[in-house]
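Each of the two complexes below includes subunit A, the first together with subunit B, the second together with subunit C.
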Partner chain A sequence: MSNRTGRGQGFGIALSAFVAFAVGAVTALSLLLGDNPALFGDQPGSAQLAGLLALPADVLLRLVTIVVALSIVIGIANLLTTHVGRLSRGKFYSAVLLASFGFTVYWYVTRRGDTSLLEAVQVPIESALAALLCLSLLHGGSRVLGKRADIWGLLFVAVAVIVLLASTPIAELAPVQAWRDWLMRVPVGAGARAMLIGIALGTVVTGVRALLGQDRSVRG
Partner chain B sequence: MDEEFNWLEYSESMEATAGDGEAPGKSRGLRRFLPGRPSLPRLRRGSRAASGPPSASDILEGQDERALADLDERLRALRERSVAASQPAAPAHQALYDVDDLLASPDLQSKPGGVISAVALSKAQERQVEMLRDIVGGPSQSQGTGGDRQLPVFSLDAAPRLLGTALLILVVCLPFVSSDYAEGELPPSVFPEDRHGPRDMYNLLDNLSRDDYVLVGFEYGPTAAGELDLLADLLLRHIFAQRVKPLIVSSNPIAVVHAQNVIKDINRSLSSADAQLVHGEDYFLLRYLPGGALGLRELSENFADIVRISARGLPTGLEFAALEEMTELLLIAESAEVIRNWVEQVLPEAEGSRLLVATGYAAQPLAQAYAEGMEQIVGPLFGIRDAFTYGEKLRATFGAFVSVEPPVGPVIEPAPVNAESDSQAELPRATQAEIEDAPATALPQPTETAPPTATPFMTDTPPAPTLTPLPTDKPAPTATEASIRIVEVTSDQRVNIRLGPTTVHDILALGYKGDMFEVIGSNGDGSWYQILLPAGVEAWIAAFLVEERVVSASEFAGAQDSASASESAARAVMQLGFTLRLGKNRPRFYQAQPPPSGDRPELALHRDRSLETPRLQAMTLGTLAAVLVIVFGNTIYALRGLLRGPRAQGR
Partner chain C sequence: MAENTIALASFILTLMVFSYLLGDVPLIGNLYRIAVYIFVGMTAAFTLIVSYEGLILPYLQDIQDQSTSWTALGWRADIYIFFTALLFVLLLLLKPVKSLTWLTNSVFAVVIVVGASVGLVGALTGTLFPLLYATAALPEDFMTNFSALVDTLLIFVGTMTGLYYFHYQARAGPDGSEGQSRVGRGFRHIGKVFLVTALGAIYASTLLTSLTILTERIGFLFQFGA
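And now, the complex of A and B:
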C-alpha cells in the first residue's frame, strides 16, 4: 500500500513538474512572440497572428492575478481560524485581534468612505515604528567604530555624516553639499544602475532555471 | 574566511565517496589535473577505465551524493531541518501551518540564539549577525541564550541610547514650540536651474486641461506618510485645481484607503462654499491590483476592464480602450521596487504618455537613474523640501487667478514663514506668474544676459538697477500740462514684459505694437526701460522693442482709453488675469479662465501651511543632532579602542 502511495506521489510530482514547465514555456514564448507583428514581417494577418500568440500569456497571467487575490482571502481565513483556535487556549491577544477584525469590518461596512480608523490607528502606529527604526539606526550609527574600527567602518561613518550634513540647508555647508552631490551622482547612481542590471540578469537566470527544471520551487 | 570552500578537497572527497577502488594516498579529484601528475585516474564507475582526459560529462556522471560527514555544519543543519519539516507537523484538519506553533517549536527554541540561528547560518554569518545585534544594542548570545532576557530599563548600558534619543526628540520638538530655534534656510520657491526633472514635471502637470485624464499610481502606505503625504497632497491639488480627473490606482491595498484619506484632507481644507471633491465626478478610485508586478501588468494589458470597477466594487462608468488614452501617468511611490515595476510593466503600454515620478529619499537614486536614462520618465520629485518648493510654485501660479485676498480661516494661508515671504506677500499677484523655460515666441532678445542661476523670487530678488534720469531731447509739450515719458511698442511681434531687466526674469505680461507704457526709469546702460503697467505694477521692457516719447498726460490717457475701447485692447497687456504655462518640448500659451468656470485655484491655495516651516526646521535640527550623536559616539568608541590597544580590539 505504501509502495503504491509512494508511486502515486512520484507520478503527481512528475505531473505537476510537467504542467509547471509547460505553462512556463508557453507563457515565455507567448510573451516573446505575442503582440509583436514586426516579427512576422509585412505579411497580411501578421497582426492577428501576433495577437493570437499573445493570448495565452494574457490568460495565464490573469489567472495568476486571480490566484494571488484568492490567496489573500485564504490567508485571512487561515489567520482567523488560527486565532480562533488560540482563543480556545486562552490567548488574550488572539481575542484582541479577532475583536479588532470584526470591529474594522463592521466600521467599513456601515460607514462607507470613513477612514477614521486608518487615521487614528494605522498611521500613528506605522509612523511610530518608522520613528523607532530611525532611533535604532542612529544608535547603531554612533557605535560603528566601536565594533568595526577599520577603514570600512570609518568610510561608512564618513559617508553617513557627509550625506546627513549635506541634507541640511545651511549655507556654510555648501562644500559638503558638493561632495554629497558627487556621492549621489557617481557611486550611488552606479549602484542603482548596477542593481537594475543585476535584477534583470537574475530574473533571466531564474526564469531559465525554472524552465529547465533546475529550480523546482513549484513542487515539480 | 576560515570556512572558504576548497574545490580540491571537495573533489577528492567526492571521488572517495564514489569508491573507485584506488589506493589510498593517491591523488584524487581536481588535484589530479594539477601539473606534475604522472597518470590520469579512472573516473567512471563500472568496468570502463579512463583512457584519456575526463570530459565534463564524465565528471558529472561521477558525481554522487556526498557523505554526510563531508557536509559542513550549515548544510548539515539545513538537511536536518528539511528532514524534520517533511514530517507532518500540522494536524490533519489544519490546512496551513500555524505560525505561532512554528516559531514556538522546540526545534527552533533549542537553537542557541533562537530563530536566527535556526536558519543555519555559517559561523561567519553568525559573527556578522552578532555584530549587527551588538551595534543596534540588542542582547548578544554571549549575554544569554534565550531571547527572553530582559534588559533593565535604566542601566548604564542603555544610558547612551537614552541620551541620544532624548537629545533627538528634544531638538526635533523645539521648532514646534518656539520660532527662536529656526535653523537653516527654507527651500527655494522655484526649482534650481540644474534640476530639469522637477521643473518639467511641474510644467507637464500645469499643461493639463480639463478634458485630460491622469492615471495616478498611489503606491505608499502610512509608513511613508510622513515623507510623502505633503507631496501627494500638492500633486493631487494641482491636478484637481485644473479640473483634471485623476484615476487613482494602487498595488498596495492600504494605499487605496490612504489615497482616500489624502483626498478627504483636501476636502477638509475647502470652505463650505467651495464644492467638495466627489468620487465618480472629480476623481476615481480604482480597484486594488493584487499580485504586485503581475497586477500592474494586468493594469497595462486590461486597462479597459480595470477602470470600470471602483475600489468599492461599483461601476465607475469610465470607458477607456487602452492605457494610451491617459494624458500622463503620475507615480507616487515609496520603494524602488514599485518604481521598477511601473517602469517595466506599465510604461511600455503607455505610448505617448510620460511617467512622472514622485518618491522618497530611499528610492530617489533609482528614480533618478531611470529619469536620466529614459526620456519617457520625468522627475523625480522627492522629499519634503521638494514638496515645499512645489507648493510655493503652485501658490504663485494659482495666486495669479485670485484678485481678492483668500478667505481668512484657521486652515487658509497661514502667516508668512519669514521676512522674505513677507516681502513676497507685498508683490502683486501677477508678479508671481512664473515660467520655467524660454518663451514660445521667438522674439529678438537683448544681448544682456544674466548668469543662469536659480532665481527664486522669494529669496533671490531681481537686481535693483540704478535708475538714471532719462535724457530727453524732445521738447516738453506745454508748460501748463504735465508731460509723461512713455514708450510705445514698435515691434510687429508680441513683446515680453518682464519682472527685471534681463531675459531670465519672469514674464509678467505681453505687449503689442502701439501699446504705451509710462516710463519710470531705466537700467544703467539704457538697454531696458522700467515701466508702469496699468494696474500700477512695475515691470521692464527691452529698449530696442520700443520707442521713447514724451507726451502730455491727456494724450497718454486718451491713448489708454482708446486702446481699451478698440479691438487691440483685447490682445493688449494681459495682466492680473494672465498666466503663462510652458511644457516640455511643447511650449504653449494658456489664457487663464476665471475660477468659476475654469480652474479651481482654491484647491491649490486653501491648505494648511502652518506646520510646514516648523517641520522643515525640525528636520534640519534633527539631522544636525543625528550627526552630533554619530560623531560623538564614534569618537568615544574610537578613542576607547585606541586606549585599550590592539589586543582588546581583537577580542
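And now, the complex of A and C:
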C-alpha cells in the first residue's frame, strides 16, 4: 500500500517537474527571442517569425496575470474569513479590521471617484508609520554601534554622518558635499553594483532551479 | 468629506500611531494597534477594489468584445485563456484534497515557473548584462582624464571584491584546518569596505527620507493644534 502511495507521489513530482521545465523553457525562450526581428537579420518574414516566437509568452503571461488577480481576491476572502472566526472568539481588533474593510468598500461603492477617505485615513497612517521608521532606524543604529564598536561599525557611522552632514544647507560644509558626491559616485556605486549583481545572480540561479523542477514549491 | 473632517481624522490617526512611542501604557497602548488594524482593513479593501477594477473587470469586458484581442490568436483565444485561468484557480483551491495534489502542484508549477522565467530574463537583460558592461567600460577620455580612470578602476575593483565577499569557499590547510587563503581574505576585506560604505550611505538616505516625513507630521500636528 505504502509502496503504491510512494509511486503515486513520485509520479506527481515527475509530472510537476516536467510541466515546470516545459512551460519555463518555452516562456524564457519566447521572452528572449520574441518581438526582436533584428535577431534574424534581413531575412524575409523575420518580423512574422519574431511575432510568432513572442506568442507563447504573451499567452502564458496573460493566463498567469488572471490567475494572480483571482488569487488576490481569494487571499482577501481568506483574511476576512480568519477575522470573522477570531471575532466569534471575542477578539476586538478583528472587529476593527472588518469594520474598516466594510466601511471602505461601502464608501467606494456609494461615492465613486471620491478619494477623501484615502486622504483622511490611509495617507496619515502611512506617513506616521514612515515617520516612526526614523526613530526605529536611530535606535537600531545606536544599538549596532554599541554592540559592535569595531572598524566596520566606525566606517558605517562615518559614511552615514558624511551623507547626513552633506544634506544640510550650511555653506561651511561645502567640502563635505564634494566628499559625499565622490562617495556616492565611486565606493557607494561600486558596493551597490556588487549587491545588485549578487541579487541578479541569485535570481538567475533560483529561476534556473525552478525551470529544472528542482525548487521545493514545484516539487510539492 | 469636508477639509476640516479630513484634517481632524488625520490628526487623531497620527496621534494614535505615535502612541507607539509611549509603550504598553494601559488604554493608550491599544491606540496604536487599533490604527494598524484600521490600516490593514482599508488596505485589503483598496487592494480588492484595484484588482477588481484594474484587472478582473477589464478582462471580463474584453472577452465579451469581439473587436479586441489580447494576443495575435484572436478573440476566441481570449475566452479560452480566461476560462483556463478560472480552471487553474479552482484547481488551486483543491490543494487540501490529497488525492489531487499532483494536479494542483502542476498548476502551481506553471504559475511559479512563468514568474521565474520573467525574473530570469529580467535579471539577465535588465540588471546583470547592463551592470557588467557599465562596470567593465572605460571612460571615453581615459587617456587625458586621470581621475576618471582611477574612479573607474576603483568601481571595478569595488564591484569585483564586493562580489567576492559573498564567496564562501574554504580549503584544507596542511594541519587539517579549513580556511581561506591570504589573498582570498584580502579580497574579502577590500570588498567589505565597499559594501559597508554602500550600506552606510543607504542607511543615511533612508534616515533622511523618514526624517523629512517625521518633520512634516510633527509640523502638521502643531499646525492643527494651533
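Annotations
The rule is simple: the second predicted complex is superposed on the first by the 197 of 220 C-alpha atoms of A that agree within 3 Å, B and C clash if a C-alpha of one lies under 4 Å from a C-alpha of the other, contacts with A are read in each partner's own complex, and residues count from 1 in each chain.
Definition applied: a residue touches a chain if its C-beta (ideal position, glycine included) is under 8 Å from a C-beta of that chain, and two chains touch if they have at least 3 such contacts.
Values in this document were obtained by computation on a predicted structure and should not be read as measured data.
Shared-chain residue A:L211: touches subunit C; no touch with subunit B. In the superposition on chain A, A:L196 contacts both subunit B and subunit C.
Using the contact criterion defined above for the overlaid structures, shared-chain residue A:N78 touches subunit B, although it does not reach subunit C. Of the two partner chains, both subunit B and subunit C are touched by A:A160. When the two structures are aligned on the shared chain, A:A47 is found in touch with neither subunit B nor subunit C. Applying the stated contact rule after C-alpha superposition, one finds that A:T104 touches subunit C and leaves subunit B untouched.
When subunit B and subunit C are set side by side, the one touching more residues of subunit A is C.
After overlaying the two complexes on the shared chain, residue contacts for A:G24 are found with subunit C alone; subunit B is out of touch. By the touch criterion defined above, A:I170 lies against subunit B but remains apart from subunit C after alignment on the C-alpha atoms of chain A.
Once the two complexes are laid over each other on the shared chain, residue contacts for A:L129 go to subunit B and to subunit C alike. Touched by subunit B in one complex and by subunit C in the other are residues 58, 61-62, 64-65, 68-69, 72, 74, 118-119, 122-123, 125-127, 129-130, 135, 138, 141, 157, 160-161, 164, 167, 184, 188-189, 191-193, 195-196, 199 of subunit A. Note for the complex: subunit C touches subunit A at residues 1, 5-6, 9-10, 13-14, 17-18, 20-21, 33-49, 51-52, 55-56, 59, 70-73, 77, 81-82, 84-86, 88-89, 92-93, 101-102, 105-106, 108-125, 127-128, 131-132, 134-135, 151, 154-163, 165-166, 191-211, 213-214, 216-218. If you check the complex, the residues on subunit A that touch subunit C are 8, 11-13, 15-17, 19-21, 23-24, 27-28, 31-32, 51, 55, 57-74, 76, 79-80, 93-94, 96-101, 104-105, 108, 114, 116-135, 137-138, 141, 152, 155-164, 167, 183-201, 203-204, 206-208, 210-211, 213, 215, 217-220.
Interface of subunit A with subunit B (complex): residues 58, 61-62, 64-65, 68-69, 72, 74, 78, 81-82, 85-86, 112-113, 115, 118-119, 122-123, 125-127, 129-130, 135-136, 138-149, 157, 160-161, 164-165, 167-171, 184, 188-189, 191-193, 195-196, 199. Of all residues in subunit B, only 94-96, 98-100, 131-132, 134-137, 160-161, 164-165, 168, 183-187, 221-226, 254, 257-258, 260-261, 264, 279, 289-292, 294-295, 297-298, 301-302, 312, 336, 340, 365-366, 368-369, 373, 385, 616, 620, 623-624, 626-627, 629-635, 637-638, 640-641, 649 touch subunit A in the complex they form.
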